Amino acid sequence: MVSGFAAVLRKDLRLELRSGESTLALLALSMLVLVVLVFALDAARVRSVDAAAGALWVAMVFAGMLGANRALLAERDNGAIRGLLLSPLDPATLFATKLAAALIFMAVAEVGAVILMVLFFNLDFDASTVRLAPILVLGAIGFSALATLLSAITGRTRGGDLLLPILAVPIFVPALIAGVKASAAALAGAPFAAMGDWLKIMIAFDVLFVTAGYLLFEYVIGQD
Amino acid sequence: MNNSAIRNWLGYATLALMVAALFMVFDYVPPEAEQGIAQLIFYFHVPLAWVAFASFGLVAIAGIFYLWLGDQLWDDLGYAAAETGMVFCTLMIVAGSIWAKPIWGTWWTWDSRLTTTFILWLMYGGYLMLRASADDTPQTARFAAVLGIVAVLDVPIVIASVRLWRTIHPAVLVTKQGGHGLEDPRMVATLLVCVAAFTLLWAWLLMLRFNQLRTRSRMGALAVRIAFASAAAADGK
Amino acid sequence: MSAPVVETHSLAKSYGVAPVLRDVDLRLLAGTGAFIIGGNGSGKSTLLRMLAGLEAPSGGRALVFGQDTRRLAARYRRRIGMMAHESFLYPMLTARENLEFYAELFSLADPHASAELWLGRVGLTEVADNRVRTFSRGMQQRLSAARAMLAEPALLLVDEPFASLDHDGAEIVAGLLRGAIERGASVIATAHAVPEIDGVEFAVFEISRGLLLPHAHKEEVRRGRIRSLLGR
């Protein structure tokens, strides 16, 4: 099982690296969202951790939706998904690999987004920036799990691309609230103890959706 | 048929309780001193909320049974519950808005209960959109089941996070009292009757819709059997 | 008598109200091959997909290795190889990378060696490190055959294996199918018309109006059998 996981993940990363431009373009798109928000929120005037945290998470969610979609998209060429379904690979293991691939994509996008956020919203690169890392990781895990599970559904439906955000965003709201609040607190210098409740919510969300995805993926990935 | 007898009884009972509820709300119970007449919406708001959430729970339960047993009946039940629940959820949001205006002066407020219901409404909407954009196949039924389960599991987390969100930033406006600050026993009685009336209304509508979907599924299955049979008959020639 | 590798009982499939397959009873023992002939849309691909567990039947049952195809466990999927209209190949990976990936997926001991071996068997060694995107349809077909067979499956399901192949390609694939049967594997293949494969006896069936019927193989035509076919 572990060898299957490694094989698929390696294959996905290799494909991602080879698709070169489109990966870069998607990352750029996520960054552009930040630019839009800078002007929308007029961040140049005022130094606001709340606005910064909010903008960061909007960019993250955007990147997350693009990333999860792409992880499964690779299997649509030549019906490759059937090759995977026919192999000894577990659907649950397949979920884990797609989750990992989406997570990696989101993580790269997040690093870029954080850098831009600090620059655009007049913040500093210091300990508070570093303290963002675990919060963003928790958020990325939860969103990747949710989006991977849902994009298996929306990928096979008419109007699928539009449907993914419609389904994902309401379900993600609790983790979004928690993530933005915790991020704003971290940027304002608060210690982790102060945001304990928010972190607990994010952890609960992650556990729930990674588990649910793992168990339910076989019902949405089968052909028929 | 046994089915329609139950349906009719349910219908009459709903009618009776609804009339009673309306009487109690508008004629019997005293309005709360602080908020005045507008507070009476509370007696509709709470039952609508209960029904909207319960219906959603039913969507998930039906989904679980469908994935487990594979019987189309559970899929039909889930779909019926989603449609019915959506109606009540929409009503609840509208009622909340109507209440907000005289009490707080705005058409909407992000208080914890309204926010949670709004999220629920969005989830319902997503479920129905999924159904609408996909063909009527077992695969779609599986998709819907998984979506329903996943969304419902999320609801407790939504409630927790929204509540936390609101306590850290208490609404500038006065937060409304919960359903348990009712001193007058007449208020309690009215509330209970309203809850019962709306629950029956929900059950009745659910049953109507469920029966419709069942009939449609059965007809579909029958059409397939006819197709097979006529192909077999054509063999004989 | 050993248990059949493939067995179906009144297998049926309909898409909406259109019956595609009806009352299909099939038994295939180990080390034997069957060809299923039929026109476009006759349901041969559907039948193969149901046997592979990729599609659920509308009625009846299909058993592979004694297991219901709707719930095939990993250890049984390991023993099935499928070649379909779609190649299941990743266009942006090279031929070698595709085969090594599948070798890893099937937990073969030495993926690199297996890939090398099968690239040789299908005559693609020279282009092994080119991306599949650059391959012709025939080359992809050959690579797909290699992919299907490299885990030495006990059951091979091949959908129109000779389509898009030139004479050399067809020879290669025919040889591989023959080799598989000699190894003791079972093969179910589909085609438009009865193919010529020297050295192996295949049972031949035909799908007509959704029914699976024994086909009068031109080398085995006997009057009695024709009469019983017509009498059906």
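As written, the chain order gives the labels A, B and C, with residue 1 at the start of each chain.
One rule holds for everything that comes next: contacts are C-beta pairs under 8 Å (C-beta built on N, C-alpha and C of every residue); 3 or more make two chains touch, one makes a residue touch a chain.
Keep in mind that what you see is a predicted model, and the values were worked out from it rather than measured.
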item	value
Higher-contact pair (C-beta pairs counted), B-C versus A-C	A-C
Most distant chain from chain C, judged by the mean position of its C-alpha atoms	B
Whole-Å gap between the CA centroids of chain A and chain B	31
Between chain B and chain C, centroid-to-centroid distance (C-alpha), Å	50
Interchain centroid distance [CA atoms averaged], chain A/chain C, Å	40
For chain B, residues that touch 2 or more chains besides their own	138
For chain A, residues contacting two or more additional chains	224
For chain C, residues contacting two or more additional chains	56
Chain C - residues contacting chain A, complex	49, 52-56, 74-75, 77-78, 80, 82, 84, 86-93, 97, 101-102, 104-107, 147
Touching residues on chain B, where the partner in the complex is chain A	67, 119, 122-123, 125-126, 129-130, 133-134, 137-140, 142-143, 145-147, 149-151, 153-154, 157-158, 160-162, 164-165, 168
Chain B partner contacts - residues on chain A that touch it in the complex	146, 149-150, 153-154, 156-159, 163, 166-167, 169-171, 173-175, 177-178, 181, 197-198, 201, 204-205, 208-209, 212, 216, 219-220, 222, 224
Complex contacts: residues of chain A adjacent to chain C	3-4, 6-8, 11, 14-15, 18-19, 74, 77-80, 82-90, 223-224
Chain C partner contacts - residues on chain B that touch it in the complex	138, 223-224, 226-228, 231-232, 234-235
